[in-house]
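Letters are used for the chains, namely A, B and C, taken in the order the chains are written, and counting of residues starts over at 1 for each.
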């Protein structure tokens, strides 16, 4: 963040990052795995052999049998279908959290970085929010709103915001000192133009990296919330709540944790690897040495 | 204190002649103990705790009959005067003798909270201690179930506390835990929700008769009992296998295979009556303000899939259409054919249509953090949907549910339409104390049915001259309750207990008790 | 220096005050009624109302807040609504397991992660580097409870090396303590190792590219001296920072691990309290953990000067 690229070129590293061939082997592999998971999940409705909600309590906790390639859960529902479709909501929760926290963090961070008066108040509030352990805050928030998808997203998003705000604020603070920004201010360029033209582009690269990490950790946090009894209802399967339900049967049917766990871990692993690759590419300091 | 301790030590050393070995039972109970006042709450864990440290005047035996415990009784010929006489040797843990005044104060505090106690108080002319050992209770009119109510083991048994403790307001929790029961509460080691420790009360004088459920002699053969809470049953199972604990009160049936084949562990049903699980509808709001719709819901539901999803192994559940429980004196199955046999879905669909159901979504509250109540809503919602109901399954934690079910608001405004609950069979086996059968509108249990017929039937039950008439009235109550949709029984189940074989001679009562049993090393 | 320390300490006050307001409002806006929980299944609305009255839950919010803060300032954390036990006693009874396992976790993590990170940076782009990186990403990617259950399955049930659950205080002997605390700490340390190893690697890579390292090598300093004396010392500040910011992660992990391994710590106390709406306990616990977080990070900030002589205040 010490080197601020001149205006206009700010988008270049992003564009460069999107040219996959520059990624290492690991990152390319991760991209392929993630693509497979996303496609399978999106096509879940058509691939899944069963409705993930149709239950048959008389045939529960079965091993792999005909028609149920991964067996059935404690309601006699098809595990394969649930894991496939469960990915949808997990990804949606992850994505929504990443987008919302990045956007909110961007706005708040801009304000904090640009307006000295607001800075002190905002940053104290962010400090306070960061000081509250995020898992405890999230459980309390889910308890507050009831365990709907929306409240789970909100509960995971809110603790993520301060980190984004700090990042954006740091970028804005250093960008403000750049001669071209000072020049623009001196020339009386409208505020919104300074923000959109000079400041936002500077934050893009670190935000993309941060966003991928938030995406990964949000999917994981959803699972932990479910584990602690503050997740989305089992009527809408997510990798998290499939595992949370399965943990009661861990020793007699470990598959209930294993399969969604593998899907979840692979997914997060790929996202993290892509995040790392993007960071290596976008961070000028690391790029210098790698080149 | 010091003297008594020394005396105990001396006595036991003399008796055994060898070094004094302390026997400790480590037990995992179904939940953590947090509330210590058995009058302020009906939580089972608190009641179980109370049976450890308090004693009761009279107690129920395995035939559901009242038997003397702290006191013997006589009833006058006109059935209006009950005289209880305390037996000798009773003392509180602080050394003070138990007097009739203590008992009267305790009964008065209890009767403010207990539904049965309230009914008795409505008919009470006087309740007083006529001397140190005698309690005289005079009624204004005969009340046949008097002794059944006083000896019941659920939900609020009348425990006897020192008068100074019983002077606490019935809405405030007590802070002095002195009892006269076979165990002493070790307050210094109490960790709410986590561990409770009891020590044998050496001055307790048990009755001569053998122990039979809550009646008979409470002979304590261990020095110390520790209740440890483990929210994850698997952890408890692991700990039992490893010998780190001695006993699990309630096993999840699915986990039994993990313990099978271990010669050091016995998995067994402690008491066969078990629990009943049931659907409760809200009579105040559409669509369940309509009897036809309630009947359709009853027809839509079949018990076995619910029980199978919940318990798994059929050895531990029982399809049962009797609202007063199967295996009880008043059992009747009238009107429950579709529940037990299935095949009501078509009729349900037709009746729902005939009732003019307009597709109003039914709000079904589903607790996510209570293992014993988490599965039923999911299965029930599927069956209701198949019959044509629009169901909105709303997951929430248990505490939200207990708060929300107290709300009489419309479902869309923070109220509810339906939820599932469980009761111990002894709690619902009597129409007087069965909370589902209260038809007094706002004063009834959550769901608030206004039902004069059921109240009339209960009057006839109270006035019934003999057991035969009671059974007949109970049959009418069954038929009416299902017809009116006061509840939809979902069947009975038992959660077996597991113990290491070092523990022997456990008493098979619905309340898990720690007297009687022995532990060998 | 002293002025700086004082300023930093004073800055803690507004943050903690904000935390207090957040927590209080959050809880009082939560649906859920501790009275209903205490009263149990058979209570009538009138009985509930009387219990609420007795617990002071009927007073206006600002009165409840003022009462709470007033008592806090006198060092009174309040009394549990459910069990009537003083919160301070409950916390004192249960903080031991949590703190000792958290400390063990940090020790174990640093002991594992720093060498891993140094190795990965030293052998940049080697098999060892990729192995460390893969492991560190994996640590982030598998839920803590899955790891915990796997460890129990393998180390306790299959191999029988450790007890499956429980906790023994250090007072019961180091061996007893470690045999119970090792698995939970190992479980918890997976995230931490991942975090610290990544940070160590990244900073070592950066430092190893600096001129003075090249100078040191050119002067013929032994590789070990270069790595640990020159490079690691200069990479220490960001590593310390990550231990501080990872403290929040640790708290989250503690909550889960205490449930999996049945450890009677404050994590479970807090989750139980949230589920039971035991306001005084939740308030005290969140305030306390937040305070701890702020304190740890303050101490780490202040300790920078020890590790990095360039930083002066």
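We take it that a residue touches a chain if its C-beta (ideal position, glycine included) is under 8 Å from a C-beta of that chain, and two chains touch if they have at least 3 such contacts.
In this text the structure is predicted, and so the values were computed from the model without any measurement.
A.B. asks: Contact counts by the stated rule: is the higher one at B-C or A-B?
C.D. replies: B-C
A.B. asks: Let me spell it out: compute each chain's centre from its C-alpha atoms, then which one is farthest from chain A's centre?
C.D. replies: In terms of C-alpha centroids, the chain at the greatest distance from chain A is B.
A.B. asks: Report the most central chain, judged by the distance from each chain's C-alpha mean to the global C-alpha mean.
C.D. replies: The chain sitting closest to the overall C-alpha centre is C.
A.B. asks: With chain centres defined as C-alpha means, what is the inter-centre distance between chain A and chain C in Å?
C.D. replies: Inter-chain centre distance comes to 22 Å.
A.B. asks: With chain centres defined as C-alpha means, what is the inter-centre distance between chain B and chain C in Å?
C.D. replies: 40
A.B. asks: Using Cα averages as centroids, what's the distance between chain A and chain B in whole Å?
C.D. replies: 46
A.B. asks: What residues in chain B touch two or more of the other chains?
C.D. replies: Only 232, 369, 397, 399-400 qualify.
A.B. asks: Would you mind listing the residues of chain A that make contact with two or more other chains?
C.D. replies: 143, 146, 229, 247, 250-251
A.B. asks: Give the residues of chain C that touch two or more other chains, as numbers and ranges in rising order.
C.D. replies: 31-32, 157, 259, 275, in rising order.
A.B. asks: Spell out the part of chain B that touches chain A in their complex, as residue ranges.
C.D. replies: 232-234, 237, 252, 254-255, 257-258, 304-306, 308-309, 312, 366, 368-369, 371, 375, 378-379, 381-382, 393-397, 399-400
A.B. asks: Which of the residues in chain A come into contact with chain B in the complex?
C.D. replies: Per the touch definition, chain A meets chain B at residues 53, 55, 57-58, 60-61, 74-76, 143, 146-147, 229-235, 247-252.
A.B. asks: Note which residues of chain B are touching chain C in the complex, please.
C.D. replies: 32, 34-36, 40-43, 46, 113, 115, 155-156, 169, 171-173, 175, 190-195, 230-232, 235, 238-239, 241-242, 244, 369, 397-400, 402-404, 406, 414, 421, 435, 442-443, 445
A.B. asks: Flag every residue of chain C that touches chain A in the complex, lowest number first.
C.D. replies: Within the complex, chain C contacts chain A at residues 14-16, 18-19, 22-23, 26-27, 29-32, 130, 133-134, 137-138, 140-146, 149, 153, 157, 202, 205-206, 209, 248, 251-252, 255-256, 259, 270-271, 274-275, 282, 285-286, 289-291, 293-294.
A.B. asks: Inside the complex, what are the residues of chain C that reach chain B?
C.D. replies: For chain C paired with chain B, touching residues are 31-33, 36-45, 47-48, 50-51, 53-54, 80, 82-85, 90, 93-94, 152, 156-157, 163-166, 259-262, 264, 268-269, 272, 275-277.
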